[in-house]
Each structure stands twice: as structure tokens, then as C-alpha cells.
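Listed next: structures, encoded as C-alpha cells.
Here come two complexes built around subunit A, the first alongside subunit B, the second alongside subunit C.
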Partner chain A sequence: MDGFIELGRFLFEQLLNWKFYIVGAYPKGPLGGLALNIILAVITIFIGFFIAVLFGLGRTSARKYIHYPCSAYIDTVRSTPLLMILFWFYFLLPVAGFRLPVLWSAVVALSVYASAYMAEIVRAGFLAVPKGQMEAALSSGMSRLQALMNIILPQAFRMMIPSFVSFFNSHFKNTSVVYIVGIVELINSGIIISQRQPNRIFAVYIFMGLLFWIVCYTLSYFSRKLEKKLGILDYESYKPEIYREDLVLVPLPKAVKRLMVTQK
Partner chain B sequence: MIKFAGVSKYFNNGARVLKDISLDINAGEVVVVCGPSGAGKSTLLKTINKLEHIDSGEIIVDGFSLQDSKTNLTMLRAEIGMVFQHFNLYPHKTAIQNIMLAPMKVKKLGKKEAREKAMSLLGRVGLSNKCDVFPSQLSGGEQQRVAIARSLAMEPKIMLFDEPTSSLDPELTSEVLDVMVSLAQSGMTMVVVTHEIGFACNVADRIVFMDNGEIVETGTPPDIFVNPQQERTREFMSRILHIPINNTPVEG
Partner chain C sequence: MELTLLIAVITTITSLLIGTVLAIARLSRFKILNVPGRVYVETARNIPGLFWLLFFYFVFPQFLPFGLGEKLNAYPGYSVIAGIIGLTFDNSAYVSDIVRTGIMGVPKGHIEAAVSTGLNRIQQIRHIILPEAFRLVMPPLGTRMIHNFKNSSLCMVIAAPELTWAIQQVESITFRGLEVTLLATFFYVFIAFLSSRFIIYLEKRMRIDISSITQMRT
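This part shows the complex of A and B:
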């Protein structure tokens, strides 16, 4: 019991360091802490989004010279750890002659990483729009680009929003990786504090966790509200042309029961 | 108006969807295409505005060859209206926006002009009171009428109907058919894939019976329904009319 009270006191004590956790050394030094995580996440999601639309749509192209490069980019990035991508841009770009400030190499790495994942979200959303929509638009004389801009993408983006929000959530947490190249974001702020107060290291890490939790939880709370609000699209009227009962999801107990019957 | 000359199409696995189709459709003619499912009716219809590519042969629409790379495809498509089995209305736009979109984007009509035109078209299909309603709030028959109005907004010379009533309840079917009948009477060139025998008998100038990707028989409605020459046609007709066809005459 005493231990818990002690821990509570230590955590409360960390509130005194709030400024360093939230903005780092900001007014006197560079911006850091939680604010830097949020800014990094927002900027890289924004840059990544535009790359993602290009590559995601490119991957759906029937033209092989567009399809294959886009697929290669997406799959390469997706099968590489974020840390690896960060090191590439941190160590390799200077070798290649680009002298980027450390923060910018982190921005580039995070954007590249985000773009590949979001490209897959874009692709999935694009493919989820019924094929008949494109046919209807084309048959009325619109060009492929006009159909894409006016008909397909507005519907696709609405379906992508929940996936984007959940990706933003995990991407925000991923930004903490940049501490490894010496950027003072939240994790690094915590490390610096724990070096000054070595006997409070436990409280410091719990406090950092709490900060991440508050931001992420708020975000997912609002995303759930947003999803309800956006649920105005109604695909009831689009009956699938081929209806196969075995492709429809059934509740797990029922599925197991069915499996048992077919086994006999 | 529409001319098929030896048109063939293959699927990737080598199966033939269309086998050496040759057909002439004149201006103002109403042609009904019928046949069992998988016969290639919808595919045939979609080749007319090049939603489906063909592998050999040639299709000439309104004097322009679809296989000629110089043909302006979007211009040609604007002259061909199409109505789908599943309506394919844009779910994020209201009924009137659905109708206004193509004239504004393709014909560069002003918003006010497009709106007036859309209103008069909605009146024509009997839905003036539903202009600001989203497709999901409309019944199937109403959706299909909006879809017809949407195609008419481009003032097409040809209208294609791909099983326009197959996904509708029998009661709702008639309201869509009424619109189609009045359209046919106004002299529109129409190609209709349908199994509505009543519509075919009353309105069609010609019936094309297809099976296995080829045209088995063409003729006037009485020819095809009452007096089919081919065994396959006779079999199919007796099945959809639920009567042995040679014994009972059908009004047509």
C-alpha cells in the first residue's frame, strides 16, 4: 500500500516537469516533447497522404508500367521496419550528398512510411466503390479523370476516414521512434528527465505512457463519433451481383456449428 | 445508327462471350435483346458505348467506328444514354444533383440552366417532388426513374437499358416501363435487355434472341414469341411464358 502512495506522489511530482514533457526546452531551445510528436505526426500524415493517393491509385491501374512500380514502392516500404527507413534517410542521404537537418530526415522517413500504409487504405477505399459507379459516370460522357474526381473519390474518401484516423493513431505513437536520432520528442524528454532524477525513472515512464494514452484515447473517442456521423452512405441499394452464402460473415458460434455439420 | 460487323469477344480464359455478332439497328428503332443468363446480352449492350472492349470485328455508332482511335469516345458516350440493372445512382448526391452533374461537367452547362433542365426531366418521369432527396431514400422504381432522367439529361440519340426492371418488385416495374414506353413513342433509338414480355410485345420493333454469345434469331415480336424458327428459341420462350408455345397463340 505504501508503495502505491509513494508512486502516486512521484507521479504527481512529475507534473512539475510538465513544460518539458509538453514542449521540451521550447522558448529557450528547440521545440520538443509531446507537441513535437503531434506536429511530426500531422505533417507527415499530410505529406504522406498526397503520395499515398498517387501510389494507391497507381496500384489499381491496369497499365503494367504504372502498376508494378507503385506496388514495388508500397510493398518495399511496408516490409521494412520504420526504424530501418529512419536510418536510411539519416545515414544514407548525407552520403549521397543531401545534407538535411536531422529533423527533416525524420520527417522524410515518417512521410515515406505513412504514405505506403495510407496507399493501401486509399486502394481499399477505391476498390470498395461499386464498379457500376464508374460505368455510370463513363456512360454519361465524363472522362475517367472527371469520374474519379466527382464520383469515385468523394465516396471512397468517406469510407477511408475511419481507417485514416486509426492509422493516424498508430502513426502518432510511431513518431516516438525518432528519439533514436537524437530528436527530443516525448520519449527523449522523459529520458532526459529520468537522467536528472534517476530514482524517479519508474514514475517518468508511467507519466509518459499516460500522456500518450490521453492523446490517443481522445482521438479514438472522436473518431468513433465521426464514424457515426459519416454513416450516411447507404449501400443497401447496391446488391452484389453474385450472392454467395459462404462468403457472408456469420457469428462465430454459428460458423463452428456449420463446420461441425459439414465435417460429419 | 448502330452497326455490329462480325464482333467477337473472349474472356481471359479463352471462353468466347460474343461469337461473330452482326446486327444493324436503325434510327428510331426499339430493339429488345433477350435470352438466358450468361448469353452475353449485357456484354453486347456494353460494347455499344465501349464499356466492354471487343477482340475482333467492328462496331459503328452514328457513323463513328468505336475501334478507330481517332473517334472521340467521350463525345460519343455522351450521345448514348445507359440505364443499369442496379441503377448506379451516385449515393452522395441528391436526385437533382445526379441529373445535373454530367451536363455541367461534360456540356459545360451553367448551374441554373442545368437545374431547370433537370427539373423538367424529373417532371417527365413524375418525380418533381423528390428533387432534393438522396437515392437511399427513394424506392427502387423511383431510383430507376431518376437514373433514366439522368441519362436523358445528356440528350442522347441512343438509349441502352440493361435489365432495367430485373431488380424491382413487380408493382414498381410498371412505373419504370411506363417511362420507357413514352420514351419509345417519342422516337428514341433504344436497345433494351429485358425479360418483360409485355413491353417487348407492345413496343419492340424487333426482338433479338441470344444464347451462348451468338444471335440465334431475330424477328418481330409475333415471329419470335408465337412462331420461333429455332429449337433453342422455342424452348426458352416456352419456359419464360410458362406455356407450351406452339399450342397457344400469344397476343402481340
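This part shows the complex of A and C:
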């Protein structure tokens, strides 16, 4: 019982450090803490989104010289750990002649990472729009670009919103990785405090975890609500192909099955 | 490098086991099983994996009784163990969510059929529900496992001597950051590619079973 009271006291002590957890050394030094996490996540998602639309649509292209580079980019980034991408830009930017603060390499790395994942979301949303929409738009005299901008993408984006929100949630958690290159975000500020008060380490970690939990839980709560509201728009066609084939109960000849798999 | 693979394989197996048990617990009617499962998943999912690694390395040993914590801190291999525990803790929450959706996706008729053939609850789970659920969720589960393999690179923060930590050491001696990073990236991409091929292969093999079931039904 005594232990609990002591823990409560330690936790209360951490409340006095709240400023360092939330904004770091902000008014006198660089911005840090939880605010930096949130800002990093928002900025990189925003930059990543534009790259993602390019690559995601490029991957759906029928022209091979567009399709293959886009697929290669997406698959390579997706199968590399975020830490590796971070090191890439951490080492690459100085070699390329940019003398920028470390924060910029983190921003670039996170946006590259986000762009690959979001490109897959964009592609799935794009493919989920029924084919008839494109045909109808083309036959009413629109050019392909017009049809894409006015008909296909608005519908596709509406379907993507829940996935984007849940990706934002996981991306927010990923921003904590940048602590490795020495940026003072939430985890690093927690570590700094715990090094100053080594006997309070447990309280520090609980406080840190609590902050993360509050932000992520609110996010996931809203994303669940959104999913209920929007996600059912056209859920059947948003499922990956694997499920769609299972819906066919009559056994199909192999040739037909092959057609269904290749037809994207 | 072997350690990276070892950590990935061990965490895959342990998180599959724990995740499956959790998924079943979360779907049960009894609150004693249901509520702790939910609390665990919500906690583990809403806090980054990096936090859990640091937590299990620095904070967890302090709680162990009988001076076990000091012994663990002195033991040089503890960083690897803490890495495995932390990654499993993080990953099994995701796995349990995936498996849970799989179990919910098993057609009701199959479970009714199992009941009417006289299987008890455990037999139903073992022979009917789990095999079908795993087949349904094979693609997301595979993605999660590749994700877990990539997350094993985070173990470098607690100085577990795996690939990323090793390239950091090489970099600090030779100052050739780009070259070593390139090498490690190749390794990660190669392993991820191989495992994704393996998952697609598994999926194809398993799908034959399902189509034969549907054939029987028609």
C-alpha cells in the first residue's frame, strides 16, 4: 500500500515537469516533447499525401514504364524499416550538400515512409471505384484527366478517409523513432528527465506512456466513429481481391479464375 | 544479423500464440477473460513499440523481487530478452485484433454444424474455428509479421546486438554511414521480399482447401 502512495506522489511530481513533456524547452530552446510528435506527424502526412497520390495512381497505370518504377518505390520503402530510412537521409543529406538541422532529415524520412504506405491506400481506394464510373465519364465526353479529377478521385478519397485516419494513428506512434537521431521528442524528453531523477524512472515512464495513450486513444476512438459513419459506403468493393473471389460460390474453371486475378 | 532473424522468428511465434489466446479470450462471454484482454490490447496498441522496448529494458527489472532485477541488469544478454519481450508485447496486441476479425468472419453455419456433430467448445475452436479464421486473415497476418520483422530493428535502442546496432558500430569506426546503411537496407528488403513470397505461397496452398469446401457445398 505504501508503494502505491509513493508512486502517486512520484506521478504528481512528474506533473510539475509537464511543460518539458509537452513542449520541451520551447520558449528558451527548440520545440520538443509531445507537440513536436504531433507536428511532425501532421506535416509528414501532409507532404507524404501528395507523393502518395502520384505513386499510388502511377501504380495503377497500364503503361509499364510508369507502373514498374512506382511499384518498385512503394515496395522498397514498405519493406525497409523506418529506422533505415531515417539513417538514409541522416547520412545522405549532408553528403548531398544540404547543411540542414537534423530535424529536416527526420521530416524527409518520415514523409517518404508515409508516402509509400499511403500510396497503397490510394491505390486500393482508386481500384474500389466501380469501373462503370470511368466509362460513364469518358462517354460523356470528358478527357481522362478530367474524369480522374472530377469523378474518380472524389469518390475514392471518400472511401480512403477511414484508412487515412488509422494510418495517421500508427504514423503518430512511428514519429517516436526519430529520438534515435537525437531529436528531443516525447520519448527523448522522458529519457532526459529519467536520467536526472534515476529513482523516479517508473513514474516518468508511466507519465510518458499515459500521454501517448491519451493522444492515440482519442485518435482511434474518432477513427472508429468515422469508420462507422463513412466506411460502409462501398465496403464490398473495398476489400482486397482475395475476399472477392471467395464470394463466388460456384466453382469456376481455372482460366476464368486467372482472368479475375489479373484483372485489376 | 542472425540475431535479427532470431528475434523476428521468436517474436513471431510467441506473439502468434499470445495473440490467438487473447483473441479467444476477448470473444468469450465471461467478463473475467474479456475485460483484461481488452485492457491489454488498448494499452499495447496505443503506445509505440519503442516505448515498450525501453520500458522492459529499464523499468521492468526494478519490479522483480529477490534482487532478480540486479542480476538481470548485470546479465549481458538481457537486452536481447527485453527486446523479445517488448516486441512480443507490442505485436501480440495487433495479432489478437487480426485473429479476432478472422474468428468473427467464420460463417455461423460452420459453427452450428460443429455443434450438431457433437464437438465440445474446445474441439470447435481447435478443429473448426481457428483453421478457418487463420485462412481468412492470412494476408493481414503476414503483413503484420513482416512489420514485426522490420520493428526488430528498433531493438538497437536498448543495445541488442542485431543488424542495425551492428551497422551503427561499423559506422562509428569507419565513418561510412551511407555504405553500411545501403547494405543493411538490402538485407531487410531481401528478407521482407522472401517472406512476402512465402506468405503468398502459403495463402495459395491453403486456399485450395476452401475452394474444395465450397465445391462440396454446391
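The definition used in the following text is that the second predicted complex is superposed on the first by the 229 of 264 C-alpha atoms of A that agree within 3 Å, B and C clash if a C-alpha of one lies under 4 Å from a C-alpha of the other, contacts with A are read in each partner's own complex, and residues count from 1 in each chain.
Following the convention adopted for this analysis, a contact is a pair of C-beta atoms (placed from the backbone, for glycine too) under 8 Å apart; a residue touches a chain by one contact, two chains touch by 3 or more.
Please read these numbers as outputs of a predicted model, since none were measured by experiment.
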item	value
Touching partner for A:N150 - first (subunit B), second (subunit C), both, neither	first
Contact breadth on subunit A, by residue count: subunit C or subunit B	C
Which of subunit B and subunit C A:G132 touches, first, second, both or neither	first
Subunit B versus subunit C as contact partner of A:F87, first or second or both or neither	second
Subunit B versus subunit C as contact partner of A:F212, first or second or both or neither	second
Partner chain(s) touched by A:R158 [first = subunit B, second = subunit C, both, neither]	first
Contacts of A:F202 with subunit B and subunit C, given as first, second, both or neither	second
Which of subunit B and subunit C A:S61 touches, first, second, both or neither	neither
Intersection of subunit A interface sets (partners subunit B, subunit C)	none
Of subunit A, residues touching subunit B in the complex	130, 132-133, 135-143, 146, 150-151, 154-155, 158, 232-239, 241
Interface residues, subunit B side, partner subunit A - complex	46, 49, 51, 74-75, 77-82, 84, 86-92, 101-102, 105-106, 134-136, 140, 143, 147, 150-151, 153-154, 160, 167
In the complex with subunit C, residue positions of subunit A that touch it	75-76, 78-84, 87-88, 90-92, 95, 173-174, 176-177, 179-180, 187, 191, 194, 201-202, 205, 208-209, 212-213, 216-217, 220, 240, 242, 246, 249-251
Contacting residues of subunit C [partner subunit A, same complex]	42-43, 45-51, 54-55, 58-59, 62, 139, 146, 150-151, 153-154, 156-157, 164, 167, 177-178, 181, 184-185, 188-189, 192-193, 196, 203, 207, 210-211, 214-215, 217-218
